[in-house]
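Two complexes are shown next, each including chain A; its partner changes from chain B in the first to chain C in the second.
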Partner chain A sequence: MKKINNIMMILAAVGMGVSAAVAGDANNIVVDGSTTVGPIAKAFAEYYMGKHQAVNITVSESGSGNGAKSLINAACDVATMSRPMKNSEKKAAQDAGILAIEHIVALDGLSVIVHPSNPRSNLTIEQIRDIYTGKITNWKELGGQDQKIVVISRDTNSGTYESFNTLVLQEAKLKGGAEYVGSNGAIRQRVMSTEAAIGYVGLAFTEGVKSLKVNGVAPSAETVLAKTYPIARPLYMYTNGRTKEGTALDGFVNLYQTAEGKRIIEDTGFIPVK
Partner chain B sequence: MIKNLDQTNVTAGREGSSLLLSHRAQRQQRITGLLGSGFLLAVTSLSTFAVLFIFYFIARDALPFFQLQGFKQFFTSTHWYPSASVPEFGALSIFIGSGLVTLGAVLVAVPLGITAAVCLSDVLPFSVRQVVKPVIEMLAAIPSVAYGFFALVVFAPLLQEQGGHILKVASWIIGSPIALLTIVVASDMLTDRMSSVHRARARWTWMTVLSAVAFWGLWHLGNSLGSITITSGTNALNVSIILGIMALPTVVSVAEDAIQATGRELREGSYALGATRSETILKTIIPAASSGIIAAVILGVMRAVGETMVVWMASGNAAQIPQPWYNVLQPVRTLTATIAGDMGEADQATGSARFHVLFAMALCLLLFSFACNLASEWGVRRTRRKVGR
Partner chain C sequence: MAASVGGMCLAAETNAPAAATPVPVKTWADSITLKGDFRYRYETIADDAKKNASKETYTRERERVRARLAAEAKVNDQAKVVIGFSTGGNDPISGNQTLGDGGQKKEMKLDLAYLDFNFLNDTSATELHGYAGKMKNPFMTMNDDLMWDGDLSPEGLALKGQTGNDVVTAYGNLGYIWIQERDSKDAAQLLAGQGALKFQFIPEVSLTVGASYYGFQNLQGYDVIDWEGKNNAYGNTTKKGSVSGSTTNKAWATEFTPVVYFASLDFWVAGLPVSIFGQELSNTDASKLDQGHLYGVSLGKAKNKGTYEIGYTYTELEKDATVGMWTDSDRWGGGTDGKGSKIYAKYQIMKNLQLGAAYFKDDKGIASGKETSYDRMQLDLVAAF
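Up next is the complex of A and B:
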């Protein structure tokens, strides 16, 4: 076990060294960060590398917090984030001599999802908050079957959690019995296979589960753009300073403004900005 | 090791002088010898230093947490909200989660593992053992993320849909052999002092009565377990079973080595005194190998307590003490999963107590496995001394 730990540490050190060396090369773009923005970044990367053979783009998904950290440590060129940078992160970036520039690339709504067999189709924000803070513990209290609610949340490391925490919980503490999982796909998987579960995911991850109306509004591109759906948020890419026109980095980051970029964003299940 | 090398050098030197090597050649030889053993020493100590360095760096980052937050909250509170605006770092429920999952894994791995070890070394023919042991050891070669995927995608939904039936069948499978053994031993003991005239009949009566009681008990246990519905399949039970299977190869292989190490003489001596095979195994071999078996159990515990991927994927990660504490059907959170899951956000920039608390947990884990390691080392040594090797 200890030996394995050693090897892991060495590998991690080597990995950091390599990515640090790669960042900064004009034709190599390293992208790291949110698992929510990941699909967009990957689709962008594929499209851009198809057009420009000389450019090499690597996309990692390690969570918004890790993305910010990588940008601050100059280990990536683009940090993808599903929440704005915190003041503490901006300060850390400043201290490291990095000017984090924000690009809003798309909009995302958080869908509150339940098992397809669940009879509920609408919850209010207050009800969702009560479920997650432990005031409501049984579907019976909401007029459903007599079943204990299995509350599933993203880990506190994710931007999705941060958004849910601000938009729905308003910083109230999650109940102790809430289960934490490490990705949008894992929440969907858990809710799909668990009758009494409730979870929250990005709009793109609702296949096979039932997404609820919130305050009577169904989550969709239209309602998010019209700002009537209450659990919605912008998605970000951060770069170090303004990108220079004509560079590969500039082309990649500004793809979201092109017609092709908007089509890609729609294809991955998000909503392009107007 | 080094001593030996030096000695060979000395003898080589002596042989040299008898062959009349020049002083210069002798000196050269001695220096080469010293360099060689020095190099070997450096290589050997490299891994030792690595362990010491890990210890040092983890302790260095763990201690600031206790300076910042003190000991009380960490060890006695169950409020784990590291990302809240007023963060709370109560890790008690996480310690209990780790403990519960490890206990569960031990309950799965130890009976199975020791039975398998005895079977491999003393029951199965040698040719079969040569095939079966590598197959069991292959369990160790499966990457833990594969176990985790299985636990999350296959086992958790299965527990939710068929939980009651699975528990019922499991209670019969585990309960019947235990009940059978207890009945045989108990009726034996109860009738031990009777005169030989009535003994056989009394024994049969006791056996029938006890069997009826055991059957009644198991029937009710099975029915009450069968009526349970498991609301969430990612829970302590799921992880315990998977971790138990993961710890199995370690337990089997170390315990089997210990049982083998007791030697042929002991077995032959036992047979010579007229003991049957089962008496030899139960009364001679297992007691003789007991320290080694304890070492196997401890190594199994270490495997279970240190496993990360499976618990992160399939334990539910809920920072709560189950109600009641042994309720393995509720989700729990373990130390390893917390370290793995919270590392990303736990930057020095975003709140340093949150960063250091993970190292405090790592230090606790490290100290625990260090103690386990010492204990198992002691066990292995004791077996060797006992059998005189």
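Up next is the complex of A and C:
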């Protein structure tokens, strides 16, 4: 029994020591996740820190999936995601004692982009799917020049890829030989520099490239809000539990509901939630 | 491209044009994930049914280790194979190895070997997975469970599905499980079906209700399956079985078709998850001693550094309620024909390192009218990787 008592005392001492070491800092906010939502989070952070000097916000962009992992592992306060949490992520959060609360902070349309010299101005969802699955491989099959199509995609860990996979590919397998790149900016850059390329990016990443109409509808804030543009999606922030009113976290996450927050969202090329 | 603006770390892209950064080419090693855990356990057992030479209850003290290592290999976008090893002997519900046998090398055996095929994309609200091989338990279980020990890895085929929306999720699981293959007699198998509904009223509150049907085939009249070689039926009623030399084996006296109803109310209090759960079991093939009950509550989750979990469970499992060889091996020493309470606590010391303590206060041998007390205390240090 003496042995058990000694063990219990050791456990209690370790417990007290660790409890003291893990106290959090309410003015230090860590944000991690989507590269698509990243510009919004960064702009929010810059604005919020400008208004509240005592608050420090760090924003990382490791992808939607890694944002979810960070929240589940209590490594961040806010996970930014360009897709909703998967069932498996919700289950992992529950098992970790994390109450994942969803905040839809903005809307986005996925623009299908080509080089500015490309004569096409419109593609149907089916044609885009056929290009990405390898059924259409040359622009001449679509009335263009005799050029092999260079297919650019986001890496499969990204929320943008998963949205595209759901909304356009409808779970069909991407063609072999497609190029995978790690960010929206990298896709745009690749398409800007490659005449025969096609890619897809968030609405905010279309400068210097040509955005195609999809099913005859141009990607824009108006068409996304009117739900006429077929490749649109909400953008998310997830927190562990509901934010407490008056805290820096609450102020930061709910910026999207304020007039200033909506202006920031528009400035970054996304669409505020009505 | 990393920059710093005030306290803000800009770790990736901005809206400005960025250089194309192709994703590195993946190698075979990228498709394999290694996972495992190690547990060091100190435990005491005071079993009134086991007296020492002075006819006194002796408190056994021992220290044990359990180590598990599994590789998860992505076959393609829809399939993966899991192969895992665990310390342990022939016991299907324990990977423990007791320290103190002259420093002998410990056995490590195949614990998992299965294919997981995902019929749908897991981003959709509907999921359907098929499993083949020696797998993790495919059935929904409670924090503690009347039917299953957590270390059991069933063998056969299983199908797990779920569909729903933000408010209601429906779960359905099917199992075709091998129990004993016999060369000249019908094999013992388990055909099982399970259905459940989860109602998510608000993010903080959910209710899960469900039912399970476990149809064990060809156990009655067959010799009990005993990996210890002690003719042990793990609590179940027996009759005379086959004769082997001078030994008359024990055979199961009844068949088992347990039906289990279960419910779990999960909610959050002061930032901590609370779960109140229960199971009611009835073996529809037995005429008596065929009931099981389990009620419990847990608070918190020990996962991230500094988090903790505490809980209490009351369990009662009559002699022929279910097959004793696969039930929890800790409460009253395993098997059926017992009742009692368990309290436990877990504390996450740091990332992937956890302390745990559990105390069991049980009675066993109830059907005979000569019940004896069984107290067990466990202290665990668990490292996961």
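Please note the rule applied: the second predicted complex is superposed on the first by the 250 of 274 C-alpha atoms of A that agree within 3 Å, B and C clash if a C-alpha of one lies under 4 Å from a C-alpha of the other, contacts with A are read in each partner's own complex, and residues count from 1 in each chain.
The working rule: contacts are C-beta pairs under 8 Å (C-beta built on N, C-alpha and C of every residue); 3 or more make two chains touch, one makes a residue touch a chain.
Everything numeric here is computed off the predicted structure, so don't read it as measured data.
Visitor: Based on the superposed arrangement around chain A, label chain B with chain C as either clash or fit.
Guide: Here the two partners, once superposed via chain A, clash with each other.
Visitor: Which partner does A:Lys86 reach: the first (chain B), the second (chain C), both, or neither?
Guide: both
Visitor: Quick one: classify A:Glu195 as touching chain B (first), chain C (second), both or neither.
Guide: In the superposition, A:Glu195 contacts chain B only.
Visitor: Taking the superposition as given, does A:Val181 touch the first partner, chain B, the second, chain C, both, or neither?
Guide: Once the two structures are laid over each other on A, A:Val181 reaches both partners.
Visitor: Look at A:Gly65 in the shared chain and tell me whether it touches chain B only, chain C only, both, or neither; answer first, second, both or neither.
Guide: The answer is first: A:Gly65 touches chain B but not chain C.
Visitor: Identify which of chain B and chain C touches the larger number of residues of chain A.
Guide: Of chain B and chain C, more residues of chain A lie in contact with C.
Visitor: Output check: A:Thr268 vs chain B and chain C. Expected answer is one of first, second, both, neither. What do you get?
Guide: Touch status of A:Thr268: second partner only.
Visitor: Of the partners chain B and chain C, which touch A:Val150 in the superposed model: first, second, both, neither?
Guide: first
Visitor: Between 44-52, 80-88 or 278-286, which chain B stretch has C-alpha clashes with chain C?
Guide: Residues of chain B that run into chain C: 80-88.
Visitor: Common interface residues of chain A with chain B and chain C?
Guide: After superposing on chain A, chain A residues 3, 62, 86, 88, 155, 165, 171, 173, 179-182, 186, 189-190, 193 contact both chain B and chain C.
Visitor: Looking at the complex, which residues from chain A come into contact with chain B?
Guide: By the definition above, chain A touches chain B via 1-3, 5-6, 9, 62-63, 65-66, 69, 72, 86, 88-89, 91-92, 147-148, 150, 155-157, 165, 171, 173-174, 176-182, 186, 189-190, 193-197.
Visitor: Along chain A, where are the residues that touch chain C in the complex?
Guide: It is residues 3-4, 7, 11, 14-15, 18-19, 21-22, 35, 38-39, 42, 45-46, 49, 56-62, 73-74, 83, 86-88, 94-102, 155, 162, 165-166, 171, 173, 179-186, 188-190, 192-193, 204-205, 207-208, 241, 268-269 of chain A that touch chain C.
Visitor: Can you list the chain C residues touching chain A in their complex?
Guide: Within the complex, chain C touches chain A at residues 5-23, 42, 44, 61, 77, 120-125, 127, 162, 203-204, 266, 268, 271-273, 300-307, 309, 347, 349-350, 355, 357, 377, 379.
Visitor: Touching chain A in the complex: which residues of chain B?
Guide: For this pair, the touching residues of chain B are 47, 50-51, 54, 78-85, 93, 152-153, 156-157, 160, 231-234, 302-303, 306, 312-313, 316-320, 330-331, 333, 341-345, 347, 349-351, 369.
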